[in-house]
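Note sheet for the following structure.
Note that the chains are named A, B, C, D and E in the order they appear, and that numbering of residues resets to 1 at the start of each chain.
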Amino acid sequence: AVTRPASAHPVSGLEVLGAPNASTVVLVRLIESGGLAEAAPGATFRLWRDTDDLRAGLVSGRSRLITTPIHVPANLANRGLPMRLLAIISMGHLSVVTADPSIATFADLAGKKIVGFFKNDMPDLVFRTIARKEGIDPDRDIELTYVGTPMEAAQMLVAGQAETAILNEPPATGAIMMAGQTGRALRRAISLQQAWGRHFGKPRIPMAGVALHQSLIDDSPELLAALRTGLAPAKDWVLANRTEAAQLAERTMQSRPAVFERSLDHFNIDVVSAAAIRPEIETFYRAILDLSPATLGGTLPPDEFYLDL
Amino acid sequence: MNAAARLAWGAAGLAGLAVAWEAGHRALGPLVLPAPAETAATLTTLILSGKAGPALAVTAADALGGWLAGAMLGAALGIAGGLLPPLGAALRPVTIVILGVPPIAWVVLALLWFGPAGLSAGFTVLVTVLPIVFAGAFQGILARDPALGEMARAFGAPPLLKLRALIVPQLLDHLLPALATALAFAWKVAVMAEVLGGGTGIGGEIATARAHLDLAMTLAWVMLAVALLLACDAALLSPVRRRARGVA
Amino acid sequence: MLVFDGVTLDFGDGPVFDRFDLAVAPGRLVALLGRSGCGKTTSLRLAAGLVAPASGRVENRFRRTAMVFQEPRLLPWADATDNAAFGLAALGVGREARRARAGDLLTGFGFAPADLGKRPAELSGGMQSRVAIARAFAVEPDLVLMDEPFAALDVGLRRELQDLVRDAVERRGSAVLFVTHDVTEAIRLADRILVLSARPARVVLDAEATPTADPAAIHAAAATFLALPAARGALLER
Amino acid sequence: MNAAARLAWGAAGLAGLAVAWEAGHRALGPLVLPAPAETAATLTTLILSGKAGPALAVTAADALGGWLAGAMLGAALGIAGGLLPPLGAALRPVTIVILGVPPIAWVVLALLWFGPAGLSAGFTVLVTVLPIVFAGAFQGILARDPALGEMARAFGAPPLLKLRALIVPQLLDHLLPALATALAFAWKVAVMAEVLGGGTGIGGEIATARAHLDLAMTLAWVMLAVALLLACDAALLSPVRRRARGVA
Amino acid sequence: MLVFDGVTLDFGDGPVFDRFDLAVAPGRLVALLGRSGCGKTTSLRLAAGLVAPASGRVENRFRRTAMVFQEPRLLPWADATDNAAFGLAALGVGREARRARAGDLLTGFGFAPADLGKRPAELSGGMQSRVAIARAFAVEPDLVLMDEPFAALDVGLRRELQDLVRDAVERRGSAVLFVTHDVTEAIRLADRILVLSARPARVVLDAEATPTADPAAIHAAAATFLALPAARGALLER
């Protein structure tokens, strides 16, 4: 990428859009701790609800810094929007939660009824990819039905309407806690991250990251610099100050502090340079491309997509 | 105005809409609004590839099934409520509540009763259609001409004749537009319920297209649903509209 | 037999009837005269059971009652034939049979074949009246309640239909309660003429009569009738 | 039936609904359907804590603003379309399309034009309300009595008098139920748009409650929205209903 | 001046008028007689510009035209006073002034104060007619088109209103085109009597007349009139 000479003008009125995903707390901490105050004074933060919301923010130029599942910026880049991936902040947060004591491994899922969410979207694709690798045909060997959101799947589990569901965080933690209050025993039977590791090397899935619009990098190299220096300490603070982090999440992301805090162990936050784990990211992208090329807009993103942290 | 002129003007209106769309596309770019031509091309591919048929069948079943059930229930309750004032007064706020409760509240119930796949989209449609048709039928009954009712009583007309010869023709004046509105809602709500629900039908395909951030594909599916709605309106309601007031 | 016994009725602005009595026997045509707004239409509605008296009793022991309203009251979406056949439909007569019967009646009332299929909005005022009259007579009623039925008809049609009514009374023994403003019409048709006062309606003149078709006799009788102080007071003076 | 009796019967209807809810709760348990009493208690807490007020103000602005704008536009177009048959024929399919297109198709547009918080929920409401009111106004114009129109022409009545003394009173017969239906939809759609949108208003609170898997809280917010809808219906439409046909 | 010049009109089932001519001058009351369905109402609608002729010309050069329809055509949601004031509202008269004027007229027509606020459904047939007549005369028209306006009125009211019409013709010089079925009414009122044939309507009798209020003279003239072969053929025979 061509970078213009550094300008002395800070970016004003930046709206940071966070993915509705617990790992976003890293970027929130960075903002709240004043890490971006110099480069982007008055930056505001808001969760986006769906990709339409995100797309409108990006196209209008209101938002140029986001956290997001990493297939989204790749897809947008392939559609001609110059998006760049700076860092991975979540190494996966999917698990199979069940009340069925007979389920311990993927193989045990055969013949069971399972509730999934976001059909054909990333969580579903990850599950299907792993299932294939485990020798299970998700369309034939298991009875997979879908609901609209993880909240509904969690609700069904808690209410006893379903025995097994694929869940993300924090709904998985929330479901287990709520069921516990009524004496129903739910547990995380399978970590999809572990399962992934058996087939793709490391037991982690680079799922969510921080991405920017190229124009933001051009306008304010200082902001990029601030992100580079601030993200890792923000993560460290979150892991070290769990209670405060949960309060922060409650204030800015409307999470429930108790659930958030417990869920911290399971959503695998980390801060890793995109360029540094490009091979792992591409493994993930290829797995998705195999199953559903349209998810990424057909191809791998170009070289300039990956930024160094 | 005859049927041909009406059709021509209707086509002109739709053409105007297409022009507005094209203008929007030029002004805002493909990431916000893909070109109508591109969308139409995508739709053609969809149809030719055979993907459209099954999705369409599922959505049509959801929309029309829910519409039919909701319309029959709504019309029956509306007529009964119109003829029996206390019943009508009791039902009116209930239907407003049913109408005003956002679908998220129903989703829980629907999931529970019908499971994630099955009938929950149809149920959501029913719940939307029922109050609309109720209101139309209710108003149709209330607005009928008392002078004609007296005439029928003076001739000792049995209830069935009154219904057929007096009530229904006057009712249709209010019921038909309600049915048309409800039909349009039925398609929209069926699609939305599928988008938010188990991922079947046109709505499921839209959800997938959205997950792919593929706007042209999303709009192609929407276009298909709307085309079907217009076809349905023409096929189901126009004949009734033409026959309205033609009853003996 | 139709009997009003001490009927009282009030729409909220003073009584229309206050202990009003009336009786109509089979084979009799009773004409009701009275100023506009005195309660003639209301008495027919009471007889037909369309309003209930506040107190008193209305008893209609006739088997089959039909009514010709002051306005035509036709179904706007049905054609002339179906409208004329409505009473027959109420009796359960099949569609073909009732349309045939109604069509015959209307043709007898001067309808051209093309007019039979017209809807009320395409009919002239007098044609609408005739449909309403056909609707009533199609059911061969024992009691006919008629509210100024011939007001919109030309002299020729009026005479024909007056004859039809007399015929029903004399040959079938029907009873008729006949509201009219036309004294000559009352004299021509009625076995008994009642003149009502202004509200609350009271019978101020109750005259037995002999129906006649002779114009000279009718005019003479009308002049005599209107010379009676009670009739004069109720019908002409303010 | 007088107003008091109507009110009593309406309350009875709502009580019936509450009983059905309680029965559902007993049959299904609190995890599927919380008790009405628990929900009401949650709602009371919400109101007393002062959280309800601001959310409610946002949603009310979205719902009523969108309803007002959509109703005015829809009524104007419906009346114009009813009076000018070619315009009506051209607008009818366009409004069906507008009605039948699921919001996903224009949510991007709305977000782009109006921003995530601002007016996009109101715009979604407008787009839903417009076709409903259009249909009502259109039908109201078409169903008017031609005999009265002739009378007015014979007396050379100016357009404004015709509108006031003839058209509006006949129109209300169809327009009022359409406005009532549209109002109910306005609340529902505003809440839904907020759930899917920027997280403000009652819808935003519902989204949060759902994320917390807190059903009682979700239903408490829904109840608040519905209560407001009923209050609105009583406050805005009942007076018009009473005055209808009372115009000189 | 109102002029029909070679007017042709067809509703799709044969011509109602075929090159029909007619002229009404100021200060003249022209009565139209003819059998039911012959085209009398249609001729008034042509005069009022409510239908256009298929060919030929209708010219109405009067400044202010008012019409009394065959049916009352009242606004169901407005009370008697507002209905009678409708024509004044069309002229832009303020609400208070027009209601006062309409109320006076109706009171003159025999309305009790309580009746002024009634809606049409609460009025008797004759009361509705009177409201329609008041609506027309309230605007003090130069040309009044009247379609059997007094058919629903009792003898007394009819005479009063007949006098009102003659008064308008004689004192204000209004022109009146007056449709009636009642030959005595035509003789009582008209300066000229036209009898129309069955469809297509043609003038089969065109008689100058002298209005009179003397009952004996009216009855004699009516008998003479109906003895004319043209009138007899058009009005009485089939």
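Quick note on the criterion: contacts are C-beta pairs under 8 Å (C-beta built on N, C-alpha and C of every residue); 3 or more make two chains touch, one makes a residue touch a chain.
Computed from a prediction, not measured in an experiment: that's the story for all the values here.
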item	value
Chains touching both chain C and chain D	B, E
More contacts between chains, A-B or A-D	A-B
Intercentroid distance (Cα basis), chain E paired with chain B, Å	50
Whole-Å gap between the CA centroids of chain A and chain B	38
Rounded Å distance, chain D centre to chain E centre (Cα mean)	49
Centre distance in Å when chain A and chain C are each reduced to the mean of their C-alpha atoms	86
Residues of chain D whose C-beta touches two or more other chains	32, 104, 108, 112, 210, 215
Shared-contact residues (touching 2 or more other chains) in chain A	50, 52, 55-56, 59, 149, 155, 159, 161
Residues of chain E whose C-beta touches two or more other chains	71
Contacting chain pairs - touch in the sense defined above	A-B, A-D, B-C, B-D, C-E, D-E
List of chain B residues in touch with chain A within their complex	28-29, 31-32, 107-108, 111-112, 115-117, 195-199, 204, 207-208, 210-214, 217
List of chain B residues in touch with chain D within their complex	1, 5-6, 9-10, 12-14, 16-17, 24, 28, 32-33, 85-87, 89-94, 96-97, 99-105, 108-109, 112, 131-132, 135-136, 138-139, 143, 173-174, 177, 180-181, 184-185, 187-188, 191-192, 195, 203, 206, 210, 215, 218-219, 222, 225-226, 229-230, 233
Footprint of chain D on chain A - complex, ascending	46-47, 49-50, 52-53, 55-57, 59-60, 62, 149, 151, 154-155, 158-161, 171, 174-175, 178, 182, 254-256, 259
Touching residues (chain side chain C, partner chain E) in the complex	11, 13-14, 33-37, 40-41, 70-71, 110, 114-115, 122-127, 129-130, 147-148, 151-159, 181, 183, 215, 219, 223, 226, 235-238
Contact set on chain E toward chain D in their complex	45, 48-50, 65-67, 69, 71, 73, 75-78, 82, 86-87, 89-90, 92, 95, 135, 139, 145
